[in-house]
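Quick one: the structure is below, and I'll ask about it shortly.
Chain IDs A, B, C, D and E follow the sequence of writing; residue 1 opens each chain.
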Amino acid sequence: MGIFFSFFMVILLVLIAYFGIAAAGLHTLFGIIIPYAAFVTFCIGFLLKVIKWGRAPVPFHIPTTCGQQMTLPWINYSKLDNPSSTSGVIGRMILEVFCFRSLFRNLKTGLNNGNISYASDKWLWLAGLAFHYSFAVVLIRHLRFFLEPVPALINTIDSLDGFLQVGVPHFLLSGGVLLIAALYLFFRRTSNPQVRYISLPADYFPLFLIAGIALSGIIMRYISKVDIIKVKQLTVSLAELKGNAPEGIGTIFFIHLFLICTLLVYFPFSKLMHMGGIFLSPTRNLPNDSRIKRHINPWNPEVKVHTYEAYENDFREKMKGAGIPVEKE
Amino acid sequence: MYNGSKIIIGLIIFLAIATFPFYSNIGKSAGVPMPDTNTPVINGLDKKECVASAEYMKKEHMKVLDEWRDEVVREGKRDVINVGGRVFEKSLQNGCMQCHSNKSRFCDECHSYAGVKPYCWDCHHFKEGRI
Amino acid sequence: MLDRALKGSKTYWTLVIILLGFISAGSLAYLHQFKNGLGVTGMSRDVSWGFYISQFTFLVGVAASAVMLVIPYYLHNYKKFGRIVILGEFLAIASVTMCMTFIFVDMGQPMRILNVILHPTPNSILFWDAMVLNGYLGLNLVIGWATLHAEKKGTPPPAWSKPLIYLSIPWAVSIHTVTAFLYAGLPGRHFWLTAIMAARFLASAFAGGPALLIILALVLRKYTKFDPGREPIQSVAKIVAYAMVANVFFIILELFTAFYSNIPGHMHAFEFLYAHGNLVPLMWASSVLAVLSLILIIPPKFRENESTLILACISIFISLWIDKGFGLVIGGFVPTPFNTITEYWPTLPETIITLGVWALGFLVLTILYKVAISVREELGTAGPPK
Amino acid sequence: MRIDRRKFLQIAGLSGIGLGLSAADGLFKGKALASGAHSLPSSGTRLAFVIDVNKIEGEDGYRRIIEACHKIHNVPNIPNTKHEVKWIWTDSYEHSFPDQPNEFLPEKIKEKPFLLLCNHCDKPPCVRVCPTKATFKNPDGIVVQDPHRCIGCRFCMAACPYGSRSFNWVDPRNYLDMKNINPDFPTRTMGVVEKCTLCPERLARGLEPACAEASNGAIVFGNLADPESEVRKILNTHYTLRRKPEIGTQPSIFYVIGGGENAG
Amino acid sequence: MAKGTPKPEELTSSIDYNPPATGWRETPVDFKEGTFCHGARPSYLQDVGFPNAREWAPADSDWKLPENWKEIFLEAMGERLKKYRSFQLFMDICVRCGACADKCHFFIGTGDPKNMPVLRAELIRSVYRKYFTTAGKLLGKNAGARELTLDVLKELWYYYYQCTECRRCSVFCPYGIDQAEITMIVREIFNLLGLNTDWIAGPVSNCYKKGNHLGLEPHTITSNIEYLLDDIEEITGIRIEPTFNRKGAEILFVTPSGDLFGDPGTYTAMGYLMLFHELGLDYTWSTYASEGGNFGFFTSMDMAKRLNYKKTRQA
């Protein structure tokens, strides 16, 4: 569902950028105005979304428990899977954010001759890690375009990324891994019948978009090269809030940039907000201390209750008959 | 907002990361490097012409050098390139650097601007002011 | 299944941390080597391969030995190996990992390692070795993991694993044969230029690898709930005995040819190794241990006694480690093409890196065995067979 | 043509060594062999040296030749013999021809240094074993080592029966006077193998290899495939030695031992 | 169960994990016999004061909904989006990775794709997108949004009562999205439309009125415990004398009411009685708050329970 729609949307974006530059020559629009607008949309959209979440209270104090709760001191409890303290929660969140711990648990349920079997299934975890980490490395690497002078650390990361001397200029592993991981996630989405069934255009679109960004980046580096000095001139001017778009960079760069801008704009209004959301997820970021501390619902409403008095009124004779003490005779 | 302080701290961290390129460049006004062709040899030329256009060389010089390398070392094609009667050797040291004898201005400046570290100079070497 | 490696006893974690310590030390030493060049090792213009490549050569044998369990179990339907065949396959994975790491740390330009694939060169035995090693790693990973996974799920192993298992048998022979060809095809290196080289490699592999497997199985029985039972260990011991006899026999053949023919080039290496080089004590130790191990493993009385059996296995392992993990490679280089002697001894960084690679292999092995045993424990099939 | 050649090398590598031991004979007799495997390259070039041991004048003569080569190729002078890089060097008869021992050798020969360098074999084992084609044979018969391609596995060093290859165990620039190196020639980087190149950069300019030029005629350079060449003329009139001919590598370096007049 | 309990193999043999060819929004809901409960009888709802109590049956085409059911639903939903961060968050951040898909026992047992937690949540997410997000309002189906129709409502009801709130999906979700919380909230909304099941409404009403889900009245509780005490005396020779609704006791003991009524819970109850006697605890039973479990699953009941607990403590 929606594969072709999403694919053609991305193609359309590419064409917009292509004609915008190659035919209309709108360098300032695509090089300055759209990137600024996209970045501002991204930041403000992100903030507003998180604030919107923040304005809703957390009435339930029910973190997901995946292990023994803390009870008595001589019973070992699961400090990470059923944390009772803030430090446990921090540990749980760190593992979740950096190691995708929940996905690491993943199983595959299957039927074998009438028996239900559970198999280990870590491909999603692996691909997810590869995707996110390579994306992070790609992002950090790109700081070389925004910072002048380029910090030594960025240069080091760049040379580690291009450790394998393949091609001229050296092939950067992170870009390739990103593209392959995105393609794997797409393959998984389409080949696994259950995942294909639940997928929406909103699932394919960001995959195609990111694959498009990676691909245009790879093309720009190895096949249809651009004037890298002018690119940096543009990016540094963006960072310095000066904003001047030199001509003659190469259209492929603007396609790359436009796809990134689309991603930035798309981000706050989509499932990509899981980046911020994971930190606010109440089933993960709360300690399981509801037996230690009393948590009161922040909008604690008045409710009608069945009082003891009413109860006694309903059953007074029966209670007396059973010898249960009553308040009123 | 509920748990406001924590959320705001988180958002400030997010903004600090997202806008890092904007504030980290403050006070480091960056000059844009221009490959400098001001060398005695080039200045002495009537027609300033290289093996290919400057536009092409800007983007593809690494590829040109790589191809030359294979042609010369592996295929023994040491034939020279003739541009308008001027002869160029297919060589970094004995070709390019003969005219562009200002490595720091012609090579290094752009490379460091773009954060590129070619390993050419691990073997090939250049003596500044040799010509 | 991998998550089983994240939960373990204190002993398990202590072992993992110790191994990680060695790996970090090895990595630091490797950084030192990367920065300052292979000159930090004891290798030289004349002895251009040293400890790394000889360890690699030895470990290829350990890797290939898994086939000694796979053949009886899958080909001859010898069911008693059902418990330990996975140990063999996982040992192969760990060994091949070490092999590839040893090759990697031996590279002068590790950044260009992909050139082997980018510029494939079928006339180079090293190219084929890279291919068969990667293939063997893949085969064992897929087979070992798939069969264990099926065991855990309570389903029969997937149908596609059968042809792969049969493929893995000749493949195991190939990795050792191809590695032997690295040496046996070089003109001008008399010590290696022998048609019996591949046969020697296989004999020593089928003795040394299964000997290590017996040691590992007994260690596992002592420290974990895993117990393969007595009988499979005895069967492996018989395999070790035959292979070791063949191995010693092959060495005697080499000695005969060299010394009876009286060709100087053929005698040089043996003279250096056993009479006047710095490896003399080691090589004699190897020979003495080889003889001792035969005494301990051939008579059924000793072989069936597990305390003498383990002694025999340790002797065999050390003897072969010296012979193949040291003497074979160094012995071929040290009498130089100029008929001179350039001695070789590993330096400190080289030793630390070597230890680090071994630790890496043992970490892989520990993790894989931990997974296998945890799965068996959950299924209640870790204990001795009824 | 080059493709045919590559194919041949692959076949040779796969079918093992020992293809035709009579190739050397064939060359000496100046007749082309029927089997394509042993014929001369059709470009008609096979570059070779003939070194007349007697024509090199004393210690200085050797030093001049070695320095001529090492200087222009920026070969470092590393004192630690284990890490040495040598393109051309000397050694005794005993070490240079260990397969032809002769305890009754004339004292003169016994003490004579022999110039050693890459033999640029016709059937080079180093080319056979290289896993990346970093070392290969070019149509002129030169065994080329491409330092850009080399991964530093050192298989070629194990394969070379002549000890002609050097590995850069350490950074060679630490052992070069960087202010006085030859500006026209690169140095090498750590972790690659190198050896005598037979000076293709000089040949391209119509010059002889540096060692030949510095030898005052003791080293004669030429094309073996050309019956009229000077090298062929000397080989026709002198008895020459090659190193380890029995292993079938067919070296292209010939040593004139006894002096032309006597042998002729 | 006139047909008799089917064997596990018979049940598993009919499962097919492959989803149908039609997309889930195009596949109409099919109320399968045996997979849903009766509609709540009006008296139960009236007991706890819930609106729109009426006789109705899920299999009927007419659910006798109030005229303005759509407004009630959407208004309640909007309110709850503001009241529950979890609800808002879980609507926004799901990436549909499918890790939860085969973790739900309803899905494992039925193979019905809409029982995958992700898709069960998607049923309400699609409504959320249509009415609460700009993209959904503008792009409609392409943004994964859909209109809240009567069929959609029925589908929601059918699947939101196929959730035991076991929270296994949340364990596997990389963001901890918890179907249980979504279920609670959606069922809360259904209660506003009188759409509950008899099996839930009954115990709730009993807990509210009689203090336990079985509807045991005070004298039944004491006499049941008497029987247990007799048994204990017969076996051990010791007569235990617990107290009921006694003021000033140090501990108020509340246990799942099943322990007082049916085997094997009663054995557990006998165990407590003997243990507390042996320890000599100063405790009392309550007939007013005699249910350890919370059948509320909706907040007002939760609150009632807490209040009466406090009250007895004071007593």
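In the analysis below, a contact is a pair of C-beta atoms (placed from the backbone, for glycine too) under 8 Å apart; a residue touches a chain by one contact, two chains touch by 3 or more.
Note that this is a predicted model, so its numbers are computed, not measured.
Considering every other chain in turn, none proves to be in contact with both chain A and chain E.
Using the mean of the Cα atoms as each chain's centre, the chain most removed from chain C is E. Placing every chain at the mean of its C-alpha atoms, the farthest one from chain D is found to be E.
The interface with the greater count of contacting C-beta pairs, when A-B is set against B-D, is A-B. Chain centroids computed from C-alpha atoms place A closest to the centre of all protein C-alpha atoms shown. As a whole-number value, the distance joining the C-alpha centres of chain B and chain D reads 38 Å.
If each chain is reduced to the centroid of its CA atoms, chain A and chain D end up 62 Å from each other. Computed from the mean C-alpha positions, the centre of chain B lies at a distance of 48 Å from the centre of chain C.
For this pair, chain A with chain C, the centres built from the Cα atoms lie 44 Å apart. Residue positions 149, 189 of chain D each touch two or more of the other chains. Taken residue by residue, chain B touches two or more other chains at 2, 119, whereas all remaining positions touch fewer. Looking at chain C, one finds that residues 109, 112-113, 118 touch two or more other chains. Taken pair by pair, the chains that touch are A-B, A-C, A-E, B-D, C-D.
On chain A, the positions that touch chain E within their shared complex are 1-2, 5, 49, 52-60, 62-64, 66, 96, 100, 102-103, 105-111, 114-116, 124, 128, 192-203, 269-271, 273-274, 277-278, 280-284, 297, 299-301, 303-308, 311, 314-315, 318-319, 321-325. Listing the residues of chain A that touch chain C in their complex gives 104-105, 110, 112, 115, 117-120, 122, 163-166. For chain D in complex with chain B, the touching residues are 136, 138-140, 144, 146-149, 178-179, 181, 183-189, 200-201, 204. For chain B in complex with chain D, the touching residues are 69, 73-74, 76, 78, 93-94, 119, 122-127, 130. The residues of chain A lying in touch with chain B in their complex are 39, 42-43, 46-47, 50-51, 53-58, 143-144, 146-150, 154-155, 158-159, 165, 168-169, 225-229, 232-233, 236, 239-241, 248, 276, 279-280, 298.
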